[in-house]
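Here is the structure we will look at, set down as structure tokens.
In this document, chain identifiers A, B, C, D, E and F correspond to the written order of the chains, with residue numbering beginning at 1 in each.
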Amino acid sequence: MSFLGRGPSAPSGGINHERVEMAVSELDMITDIFNKLVSSCHTKCIATRYAEGDLNKGESVCIDRCVGKFFEVNKKVGEKLQAMGAAAGGSAGGAFPSL
Amino acid sequence: MSFLGRGPSAPSGGINHERVEMAVSELDMITDIFNKLVSSCHTKCIATRYAEGDLNKGESVCIDRCVGKFFEVNKKVGEKLQAMGAAAGGSAGGAFPSL
Amino acid sequence: MSFLGRGPSAPSGGINHERVEMAVSELDMITDIFNKLVSSCHTKCIATRYAEGDLNKGESVCIDRCVGKFFEVNKKVGEKLQAMGAAAGGSAGGAFPSL
Amino acid sequence: MDLSQMNAAEQAHVSKIIERKQMQDFLRMYSNLVDRCFNACCNDFTTKALTNKEETCVMNCTDKFLKHSERVGARFAEHNADAMGATGGK
Amino acid sequence: MDLSQMNAAEQAHVSKIIERKQMQDFLRMYSNLVDRCFNACCNDFTTKALTNKEETCVMNCTDKFLKHSERVGARFAEHNADAMGATGGK
Amino acid sequence: MDLSQMNAAEQAHVSKIIERKQMQDFLRMYSNLVDRCFNACCNDFTTKALTNKEETCVMNCTDKFLKHSERVGARFAEHNADAMGATGGK
């Protein structure tokens, strides 16, 4: 899932701090998305009576489809934002207040 | 919205790290407040059927009033905390555990 | 609440950055747990009509028991994770995606 | 934010931090948007693929969320300017 | 937290970090408080200004939340001290 | 993540950051787990101590949450790999 482009220049010896920062931002976002996915699919698929500790068949199937649909939604939203010229680095259509 | 006081001394050349940190903390809080505002007003004003992509008249009016009331609440709460001597830098009346 | 082990070596003069980082991580987790506790017990114990500003008797008793049970749950979950060899530093049984 | 009381070095430093934070805010907004629209639109897991109805819902949800954020942002900036003015620009 | 196993330089460094975090925690508590009381008390957007009823609700909500946090904090500290004692002060 | 376009120094630096973040993620997962199972299982505060029923619920909740996270993680990795493949490994 390469949400962000890489920096163009590639110095051979030292550390390109901007590139490292980009990688860390990407990592943070993937972690954030994963945590939201875990939480959303838990709400949608797991019964909260907790009569047993194992996932039953229905819950397992639901999880697989939940993750699949989440990725589809992620793709659709990403394409829409990109089409709006609002993707990585651009302004989000004035969605954020100027500080 | 100047939630935090500024540092008193103003060095001419280098960077006063405390002052920069204060500014960054203020920025973080404004961003945090803005994100909560977006989320709260979305819950209060936007119908989740998503039959169309535009804001209708009722939703638009609701958003304007929602933001207005949020700022009023922010002001009231701020004044109350200040009156309690709990504002920026002071102890929150023992609200946080000593670690 | 010592969730994390301490580093073994103790240098006398300089700063052991790993040890400081561990302490900061522990502090962050305790703060995080405390904030969740405040929020969960508020939901469970405080009536949201807000007819008065003081805690009534029922709310006060509920808060005390809420915190007590939360600590019991924290202990049970901690023991279970430790028994699963998933505690601090170990892999959480594949719970996180490899990035 | 009022950076006018800072010297040039401090302003440059803060600007750089703000720039980085804006990128992070954008990414967080993005993941919130995906999560919000997924939660509002996808509630049927008897099908594997996104249905047409779900896709339309996601597109409208995205559109509406951005317009919502934009409107909240505009009102926020106005109220913020008022609040600044009331305290003498500080 | 138990800082006793750290040397002086480390303790000073951690103390400074804790101080900064307490400021950030206070600010987060503040914005949570505003958001919580706004959500509990303001549900009618047919009026533009805060009604008296809403204002009273917000004041009580703020009061109660601070007293709630204080009580949770006191119990938290007690249980924490017990837990520390049980593991031999480590 | 694709680190292949980085030089050795950058890769080492990022690896160290990832390691630290994994520790923080584990701790956050832990506190989320406690909070989630407490909220789902403890709703009766007429008793002081955890009841047997509550304890069983907490144990099952912990078990199930870990298995859930593991399954989501496995599917996430697969979809991620597909998405990477589709964009030519970048």
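The rule is short, and it goes like this: a contact is a pair of C-beta atoms (placed from the backbone, for glycine too) under 8 Å apart; a residue touches a chain by one contact, two chains touch by 3 or more.
This one's a predicted model, so the numbers in the text were calculated from it and none came from an experiment.
J.: Under the touch criterion given at the top, what is the topological distance in steps from chain A to chain D?
T.: The fewest steps needed to get from chain A to chain D is 1.
J.: Greatest Cα-centroid separation from chain E: which chain?
T.: A
J.: Could you tell me the distance, in whole angstrom, between the mean C-alpha positions of chain B and chain D?
T.: Each chain reduced to its C-alpha mean, chain B and chain D end up 14 Å apart.
J.: Averaged over CA atoms, how far is the centre of chain A from the centre of chain E? Could you give it in whole Å?
T.: That gives a centre separation of 30 Å.
J.: Going by the contact rule already set, what residues in chain A reach two or more other chains?
T.: In chain A, residues 27-28, 30-31, 34, 37, 45, 66, 68, 96-97, 99 touch at least two other chains, as defined above.
J.: In chain F, which residues are in touch with two or more of the other chains?
T.: 1, 18, 25, 28, 41, 59, 62-63, 69, 73, 76, 80, in rising order.
J.: Chain D touches which residues of chain B in the complex?
T.: 1-2, 6, 10-16, 19-20, 23-24, 26-28, 30-31, 34-35, 37-39, 41-42, 45-46, 48-55, 59-60, 63-64, 66-68, 71, 75
J.: Which stretch or stretches of chain E touch chain C in the complex?
T.: 1-3, 5-7, 9-10, 13-14, 17-18, 21, 25, 28, 32, 36, 40-41, 56-57, 59-65, 67-69, 71-73, 75-76, 79-80, 83-84, 87, 90
J.: Give the list of chain B residues in touch with chain E in this complex.
T.: That would be residues 3, 21, 25, 28-29, 32-33, 36-37, 40, 43-45, 61-62, 65-66, 68-70, 72-74, 76-78, 80-81, 84, 86, 88-89, 92-99 of chain B.
J.: Looking at the complex, which residues from chain F come into contact with chain C?
T.: Residue positions touching the partner: 1, 18, 20, 22-31, 33-35, 37-39, 41-43, 45, 47-50, 54-55, 58-59, 62-63, 66, 69-70, 73-74, 76-77, 80.
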